[in-house]
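Structures follow.
Look for subunit A in each of the two complexes below; its partner is subunit B in the first and subunit C in the second.
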Partner chain A sequence: MRTIIFATAIRYLTPLFLLFSVYILFRGHNHPGGGFIGGLIGSIAFVFHALAHGSDHTVNTYFRLKLYSQEGKQPEHASPQYMWDLVRANTWKRAEEVTPVNWRYYIVRVRPAYMMALGLFLASISGVPGLLQGKPYMTASWLELEIPIIGTLGTPTLFDAGVYLLVLGMVLKMVFTMSKE
Partner chain B sequence: MPSDLLLVLPLLIPLYGALLCLAFWQREQWMAVMAGLAQVAWLLCAFMLMRRVLALEVIATQVGNWPAPYGITLAADVFSAMMLTSAAIIGLAVYLFSLQGLDVTRRRFGYYPLMLLLQMGVAGVCLTGDLFNLYVWFEVLLICCFALLSLGGGKGQLEGAIKYVTINFLASGLLLSGVGITYSLFGSLNLAELALLVRQPEHPNLPLLSMASVFFLVGFGIKAAIFPLFFWLPASYHTPPVAISSFIAGLITKTGMYTLIRLFTLLFVSDQGFMLPLLAILSGFTMLIGVIGAAAQTDFKKILSFHIISQIGYMLMGLAIYTPLAIAGSIFFIIHNIFVKTNLFLISGVVAQRYRTFSLKKLGGVYLLQPVLSVLFLLTALSLAGTPPLSGFWGKLMLARAGLEAGNYTLVAVSLCVSLITLFSMTKIWNEVFWKPRPVAVKKDIAMAPINPLRLWQLYLPIVLLLAFILFTGLYARPLVRLSERAANGLLHIGTYTDTVLSNNRAK
Partner chain C sequence: MLYAILFGLLMAAVAPLLHRLLGRWVAVPMVLAPLLLLGLYFSFMPEVLQGHAVVQRHTWVPELDINLQFRLDGLSLLFALLISFFGALVMFYASGYLEGDPLLGRFYLFLTLFMTSMLGLVTSDNIFGLFVFWELTSISSYLLIGYKQAEKEARVAAWQALLVTGLGGLALMAGLILLSVAGDSYTFSGLLERRPEVLEHPFYLPAVVLVLLGCFTKSAQFPFHFWLPNAMAAPTPVSAYLHSATMVKAGIYLLARLSPVLSGPDVWHVSLMTAGGITAVLGAVLALQHTDLKAILAYTTISALGLLVTMLGIGTDEAMKAMLVFLLAHALYKGTLFLVAGGIDHRTGTRDLNRLFSLGKHMRYSGTAATLAALSMAGVIPFLGFVGKELLYEASLENYLLLGICLVTGVAFVAVALIMGYRIFWHKGEEKTQVHPHAHFRLYFPPLVLAFGGLLLGLLVNSQALPLLQQGVRTITADPSLELKLSLWHGFTPVLGLSILTLLLGLALYLALPWLGQRAAVLQPLYRVGPDAAYHKLFELFLHGSKSFILWLQDGHLRSYVMYIMFFFCGLLLFILWRDTPGIDFNDRIYQLQEVRLYELVVLFLVISALVYLLGTRSRLTSIVVMGLIGYSSALFYILFGAPDVAATQFLIETLTVVIFVLLLHKLPAFIYLSHQFMKYKFIAISVVFGALMTYVMLLVQQQAIPSQLKEYYGKVSYLEAHGRNIVNVILVDFRGLDTLGEITVLAVAALGIFSLLRLNPEKGGKP
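Showing the complex of A and B:
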């Protein structure tokens, strides 16, 4: 069942959910929040989007990137004009009608499994700076400066970001798999 | 290399190996290359850890640099280094086997990363110095086991996996309750600190410790498949392909046994008058029931699965006698059994690759066609049964001697009888699979797979490697016996362990 109110509202709420989840992620070190809950909230955005539009649409909108370029290798490809066209086609003028006919596109897919792998990697790499200083694994090191809203950055933030990606990828993997029947 | 790094690497190497595999998802050759690199690196790391531990006895690190009772402790002594090294050796062997012995579909759908994560779980169980983390690492290990057991999704496999999952969830619940009870009794989860607390005779909660210990006994008893709690094992271990079941059968129940030995020497020592006779009865029944169950089976892998249970009984026997020699015997037996059991499963895999069945009734005549394989099987099987100069004999000798010295005559008698029945059931496999002529009716039904010399050689390679190790520990048992005695000594004299872990509070 598709209701137009829900579908329209979700389109505007999705970025809000994501923004809020990132806020939760950063405030997590000294307040309630953190990577796990942030990842869950972030996944709510995509789960609602999938509820409203179907999971295929969600994948196409957020997890599939079309990269345009001209086919083959030709001498005029070195020209600044081509570079400008390339950048324009791949950033703000994405729609097919503005790109020239002989352009090809490549699809880059962001699979949830890759997000999980990246998250695990970030979380585990966050312990290495401690090792490099000759201290035990995962010894925290913090930057001096304090950024408003986000707070201080340090290796535990990196760990939390890894957890965020891991949880997000995990939930999305489950949701996309189950909605596929 | 600093100890801080050396203790973390056994966890990080499989993790990064698995992540690299994920990056090459569905490109099966690249995944195999990455997994191979990780296996070799893990083995090297395990050897380095072993060397360090032999020099320093116990090493410890506090992850996150929080002092010991609060931080996450990783510690290694001789026993855990031995477990880790043997896990690394059979990990490499099973990896080599899987290159030819496992179908492409399973390899493509995440066999290698799952295997690496399973090894990470094993390393975590061996290295952790914290009761709650022990539980967490066991969960890591079991989740990978679930996935591996059901990988490929055959009907029998799913049935086995469901049984495995159900009973192991129950066990995990019991373990978590045990962890909670221990924490509420003593206010700590750090193994070293707990070890000191339970040795204070005037601690008010000490009489309640046995209650917590029963939770651990039942929980890890299910995971190690000891007597009344073993039914899930023969129901699930024979279902997945050999490249999976050989590693799980070789290592996972022994990991449960490792934890039992670790906890019952470190923590639950206050009420031995009640616990040791209970363990002795359990171990006797585990041996007996396992081997009798094996005698009734007519499937190659099922016989081997039942023998796992019977061998677990021997390991428990050492713990039940509880003298330095007995614990050393248990440790020797665990290491010996890891190699022998894995090797037997791998051999069953080679047989099944050619003859496409595990059923004893349909097999036969392997000796005529593959004499080398037959000799490999014979030597390994005799090691398992404990025929004199081979490795099983030394383990049983240590256990029997310790039992006689401690006056546990019934248990020793049972163990020797079981040894005899083990020999009988190995002879049964030998007769049915290798010696008797191939049944005529089957010859028409099931065609033998064509033989490819290079492929066969690749299948033989890990088996020969493992057998070389088994023969070495049998014919020249002294180093391993010494090592086991040293490990047992470390377990029974906990001073070095607690001192190293608790003095590690350098807040830099």
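Showing the complex of A and C:
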């Protein structure tokens, strides 16, 4: 499946897909859409990326964050120059190109199983505000403000976001496991 | 009393932690806890002795009338004192017996849990409260029997005890529910007040049968006695506490508690006397055939329990008195003997009768305790056992059969007492037993206390023990004016003659034992057809049966499962259609065909041709793509009929399915036809039937639509109150949010299951 056109197109399409999936998630309250569909779209974005580039590459690009810091430097005696280097090294430049000192890095990994757990957690915690107000579990409460495109925010939105994350994590977990073997 | 229970549960929960913090000193708080409870229950004594019951009520589940209502009357108090007193001694003993055991904390957890649930059992007035504690004792007994988890014998015995008592527990629950329906009350005190209604009610007989089943399994009555000897795989303190003094008496307690409500009709008395009598004689006979000390004690316990049940079955005031006094005496002497047996095991490493000789020189204190207890067991004046035995004979004097049972049991008890109190300690044998030199205070002090307790209560029987026992008897007979008179010396009565005869016969039996032992080998084949063997046969049969049933039902082919589900569903639908015979008026529907648009026909044609092609294809890739085509077409249908949400989901799912298939394509085995031509037609037929039925049902639903305001209601409320215009989504995340939460939880669990299946590596034997 390594065709260059597909691979290049997917590289730019995946963020768009993701953006669209989040849009679908928030749109769901008033128009067709919602957490389940949004999660499926989001997972399809990653699945296509994995199809084009291999799942290891997808994991490295989207689910693994390399954070650089210089060895021996403590944050409290940080100079502006060091801060600037740090920002550059962690964003667009390769660390080795910024300064030729020893860089230390931490790897933050987002595992799909964690996303599932987080989704379940968010969904179940979205009912707690109702409880705190002395009403039955899962009584909805809403913010008073209206945000463009997204709409009003409230505990059902949180619930839907939980569904989104769960579906996303579940499909990714399956696909990554299958393609790894 | 609720706080007593909560305190016990708390102590149980912190026991492992205390063990980690305090090391072997964990015994100190664990012994103090039962002592504290003992003091608490003593503080209720004056009130109870005046004939009042202490009642405390805490609501738990008021909708179902399940409340923690505690009621402390004479019977409950007697048991509660016995349990907490014994508990303290056993906790103390266990710290010596299990010294250095790394799992001592866990042992104390189980033991305290048991003690607490037993206390809850005897003080509950609400039947459901009693049932909860009843089951808790079964569970903690299971945990304690299986304490030596490395030994297969212990695990099997634990299973057996749990299954037998658990099964009885289920029966008991059914029986208690029937009783509560019959008496329209959920408390024992309420049932007592409505006794006439209970006796008249048609549920009386089934309730009695079920309750008896529960009590007989718990108290090891024939034919459920077999679990008790096997339960001796537990550490000795457990055997002494649970399987001799307290837990097995829970059944006796419940029978005594229900006796004023249920006694009267013959069925109660006859079944109690029959089961109790058989158990008493059987236990006595079996006890003499064994050489393991604990086995002997276990069978005599069974026998004693049988006697208690017999007394309850006789049901006269004398019998109830005898029952209660004998129960107390038995708890004291049998507990002592068990603890002594544990001490012997600890010092010599064996419990085999034929290898233990003249231990008295090395184990003076244990020997004293054992001798005192044995004298009480044999019923020698002035021990409490003597009083108990006299009362037993007095209660059964009128019926020669019952008298015979008492006599046989008594004679066997005397023989066993001679073995326990004389032979292994003081009898001069030819060979010496190797004894570990170090005597352990914690191992001989508790049995000494118990043994002297039996002696003291016997001497002071008409001053100290009397008031409480009298209240207990009044509770059982529900006669608040009953007087209980106990005395050591009655003068020369026939009963005294019987006592002396028992002693003489017992001595003769003891002397004849070696000769009898040689003959007893003939009886060995009987064990192969006994209830224990039957249990094991049944257990294996059950395992085998369920295994082959599951292998038949779950053959590992997805198609079979789908087929079962469809078959079942079709069967149900066809049954309903046949029963209600609803007809569809097709004439009304004909005109709808005129509204069919061309594009709908095109999609329909697409689906059907794809289906036909799918049936003939011999390539996996083609079939995946064609399946995708069918899925997309049905999504088109959803769009055409105005369900954009469903359509979007269908599109996405189809896409994902195809992609996942593509990912897996090169890993799947070659596409082969697992089914021959006939199977294919069979599947086609099933699918067509299923589809036709579903269509028929859909048409039926449309024709007989139930008028409902649900649609209007959701349409209105979802915008006004839930701030959403997409009703489907609002229902999913708001109105029925809890359902969705359940569904996504299922989804997550299913995903974990899929994940672990994917990680299985079949080539390595299914190991991950």
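The criterion applied here is as follows: the second predicted complex is superposed on the first by the 164 of 181 C-alpha atoms of A that agree within 3 Å, B and C clash if a C-alpha of one lies under 4 Å from a C-alpha of the other, contacts with A are read in each partner's own complex, and residues count from 1 in each chain.
Everything that follows uses one rule, which is that a contact is a pair of C-beta atoms (placed from the backbone, for glycine too) under 8 Å apart; a residue touches a chain by one contact, two chains touch by 3 or more.
Note that this is a predicted model, so its numbers are computed, not measured.
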item: Subunit C versus subunit B on the shared subunit A, clash or fit after superposition; value: clash
item: First (subunit B), second (subunit C), both or neither touched by A:Y114; value: first
item: Which superposed partner A:K135 touches (first subunit B, second subunit C, both, neither); value: first
item: First, second, both or neither for A:G42, with subunit B first and subunit C second; value: neither
item: Contacts of A:G127 with subunit B and subunit C, given as first, second, both or neither; value: both
item: Greater residue coverage of subunit A in the superposed arrangement, subunit B or subunit C; value: C
item: Partner chain(s) touched by A:L51 [first = subunit B, second = subunit C, both, neither]; value: second
item: Listed stretches 382-390, 526-534 or 652-660 of subunit C, narrowed to the one that overlaps subunit B; value: 526-534
item: On subunit A, the residue positions that both subunit B and subunit C contact, one per complex; value: 113, 116-117, 120, 124, 127, 137-138, 140
item: Subunit C-touching residues of subunit A, taken from the complex the two chains share; value: 28-37, 40-41, 43-44, 47-48, 51, 113, 116-117, 119-120, 123-124, 126-127, 137-138, 140, 142, 152, 154, 156, 159-160, 162-163, 166-167, 169-171, 173-175, 177-179, 181
item: Subunit A-facing residues of subunit B, complex; value: 2, 4-5, 8, 12, 15-16, 19, 22-23, 25, 61-65, 508
item: Subunit A - residues contacting subunit B, complex; value: 111, 113-114, 116-117, 120-121, 124, 127, 130-131, 134-140
item: Subunit A-touching residues of subunit C, taken from the complex the two chains share; value: 644-645, 648-649, 652-653, 655-656, 659-660, 662-664, 667, 722-726, 728-730, 732-734, 737-738, 740-741, 744-745, 747-748, 751, 754-755, 758-759
